[in-house]
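Going by the order they are written in, the chains are A, B and C; count residues from 1 in each one.
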Amino acid sequence: MLAYLQNIAVLFCVNAMLAVTLNFIMGYAGIFSLAHAIFFGVGAYVAANIAMHFSDSLLLCVAGAVLVSGALSMVLALPALRVRGEYFVAASLGLQVIGVTVFSEWKGVTGGLGGLVGIPPPTVFGHALATPGEFLALAVAGLAAVLLITTALLRGSFGRSLMAIRDSESAAQAAGKWVAAIKTLSVAVSAGLAGVAGAIYAFYMSFVNVEGFMLETSILLMAMVIIGGTGTVFGPIIGAALLMLLPAALTYLPFLPPSELGTVQQIVYGAIMVLLMMYRPGGLVGGRRKGGKA
Amino acid sequence: MLFVQLFVNGIQTGALYALIAAGFSLIFGTTRVFHVAHGATFTLAGFVFYELYTALAWAWPLAALGAGVAAAVFGMLVDRYVYSVIQRHEAAFFTVFVASFGLAIVVQNLITIGFGRGLVTVPTPLSKSLELLPGLYVAPMAAVAVLCAAVAFGLLHWLLTHTNLGLALRALGENPDLVRVYGLTPRRLSQYVFLIGSLLAVPAAILTAATSGLNPSMGHHIMLISIAATIVGGVGSLRGAAVAGLLLGMAENLSLAWIDPQWSEAVTFVVLFLFILFRPGGVFGRAVAS
Amino acid sequence: MSAPGHIKGEYRSAKHEGAPVDAYCNGNYDGAPGSAAAPPVLLRMQGLSKRFGGLQAISDVSLDLPAGMITTLVGPNGAGKTTLFNMITGHLTPTAGTVHLHGKPLARLAPWQIARLGVGRTFQDLRLFTHMSVQENVTTVTERGSWLWQRRGDPARIEAVLREAGLWDKRHERAADLAYAERKFLSLARIMACDASLWLLDEPASGLDPRSFERFVALLRSYAARGITICIIEHNLDLVTQLSDRLAFLDQGRLLACGDPAGILKDPQLAAIYFGERA
């Protein structure tokens, strides 16, 4: 029982980290990305590769994950942000599709469809993480770090710049804000921190393959952010919790065949997304107002 | 000869993509709604046709009519009961986009429950390939596809240039207030747009069912093509979306001469990226700046 | 009716007989030494034109904004006044002509770069940062730099600006929740807080009740007295007569006259254009 709970807790932390980082750009900068799962995956693959081939130091692996994810996101952001928002959605969709193909084909780095097995546990101060409890601590620490960093940024001048850009890009320009740079930086932060989640996930599972980084995952993350409430601190966390509990809750419904669980789950959150957008665009936490404050 | 084969395949795929993209572009260009559920319209039409034709053994014209009705009704209901509600209080582009996305997910999964995840095809003698030249295999279906697309675009062109409705549709994209001059309201016109746009996906869906087959999650791919073609062709240009759809279909097939099939979807997006980088206005659009 | 044909150079001879044209119109001013009473030029527009497809929105406008003076830009609706502002701030690229700030050309600079050179601007539709509080609206304007952490502007300065604008008590309210007059003052407060030497105000006082209007005018006057160069697009003749040091008259994208406000407003032809359109 304890092991089961610990497992859920670690996965919750990882999902919450992803939702919080996606909310950073969706809720505050108004940038909609459908490629978040790719940055998650890049972080996972980079950390795994560093651990398997160079060093299993946690710091090094996470740093690598952050840097590569962040850099990749700039490639996406720099051209796409110069034009209107829907172009970024399209480009991110493109990156998601291409990314999955790359993950599936680049056997040398990602292990292809089979994935990478036998990822060694990371070491912190010379001690290799071994027990589920230690991994839980790592996951919680990761979530705490992500929350701290994003909240600190959002409460400060960067957050104000982001929200100014979201509310009126032309007025933000007139106020001296370098909009393109700020948007690109926000995407880089979001992707880099998603890479941290990927690293933690890879170490916890000691196995990664492309299945966890597909379009379905990006959509699920978007649903978490929207249902929980964009532009709020707790919204994405609540969204992550709810959407993780959903499959478990659905198993209690007697008339549902277990094979259809995934499908029904998607129907439920798809329907919730539609209803929320119609009546409560701010999500569960945000309420009627869309786009809140830090 | 491989090249010619791929070229012919490309025309067939391209004709279908052109129809789908035109439907999406018409809707987005006039109502500014990012109707990603257009992919769901396509899937719905395809599966309705499949069910009516193969399972219930209706004659194919009736089945096609049924599919058309399903698509049109879906599009119009979504506009009337979801998008208009949202647009009344929250005109933000992304709110509508998210709702559309949610709808697409719901429809896709409902179809999965009804039909399973696998591929379904509609058997027809027209999809049997004939060897026209050594190494060149073409099925009559290819000609049917091109013919259908040509007829559909011909009708669309006539509608847009020779009817009041068509002129009003073009006005709606530029200046919604002008619409009242034609005796229509933006609301009513929006319904027409969704009707026509959704219908455009129907022949493509039926033909795809008869050739490569349908599966419930293909809505994603359809949506990607629609968006990519609309951007590459130039937002607001119907002609552009159709041409871009054709080009993307060709690129997807021709690229098989050099790369493996699993990368062909990526080709579409490389083309999209290149356009976003160098010519965001698309082929026919105006240059776009932030 | 439209004003008689204009050819550059004819302005010099005051075609609208009696309408004074001062030295700052159409680049006539050359900073001749010895003219102690004439302040230096802060912003110089030369031969500005803007074409949108088939529409010529601005034709060959040359206008100087002398430092420390309040210039009002008037003209009927659709004359191109906001378009002119957009060309100065970089939100639009001129089809022809140049803009120089302190003698430096502004061509090809992005709006944010021009803003950082000291050009502040308000919008006709305000464009407040609606989801942020009043204080945040003003604070964010003082924060420059694109890195993740920027130095916040001086809190004392922010407080002073908010108090001057009469918004200190409402500083934690969301901008979206403010009353109309308060929003106009917030729009002005944003520009008061940044270190702009040139203010471009687009109909800043429209729709204000008399008391707020008085406060507004007093505020503008106090900043002008501190040496800020202000250019205001305005329809409100009270504001024009109370504040303008000089007036520029724009119609259908052309600069018809500029100079002493009283003189220009007395000109019957210009008045006919102005009031005729407004009737």
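One rule holds in what follows: a residue touches a chain if its C-beta (ideal position, glycine included) is under 8 Å from a C-beta of that chain, and two chains touch if they have at least 3 such contacts.
Nothing here was measured: the structure is a model prediction, and the numbers come from that model.
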Chain contact graph, described as a line, ring, star, complete graph or other shape: line
If I average the CA coordinates per chain, which chain comes out farthest from subunit A? C
Inter-centroid spacing, subunit C versus subunit B (mean Cα positions, whole Å): 48
How many angstrom between the C-alpha centroids of subunit C and subunit A? 45
Subunit A and subunit B: spacing of chain centres that average the CA atoms, whole Å: 31
Of all residues in subunit A, the ones touching two or more other chains: 179
Quick check on the complex: what are the subunit B residues that touch subunit A? 34, 82, 85-86, 90, 92-99, 101-106, 108-110, 112-113, 220, 224, 227-228, 231, 260, 262-263, 265-266, 268-270, 272-273, 276-277, 280, 288-290
Under the stated contact criterion, what part of subunit A meets subunit B in this complex? 30, 32, 79-87, 89-91, 93-95, 97-98, 101, 104-105, 169, 179-180, 215, 219, 222-223, 226, 260, 263-264, 266-267, 269-274, 277-278, 281, 290
Per the touch rule above, subunit C residues touching subunit A in the complex are 89-91, 110-112, 115-116, 120-121, 123, 127-133, 136, 139-141, 143-144, 146-152, 190, 194
Under the definition above, what is the set of subunit A residues touching subunit C in their complex? 153, 156-158, 160-161, 163-164, 166-168, 170-179, 181-182, 185, 189, 231, 289, 291-293
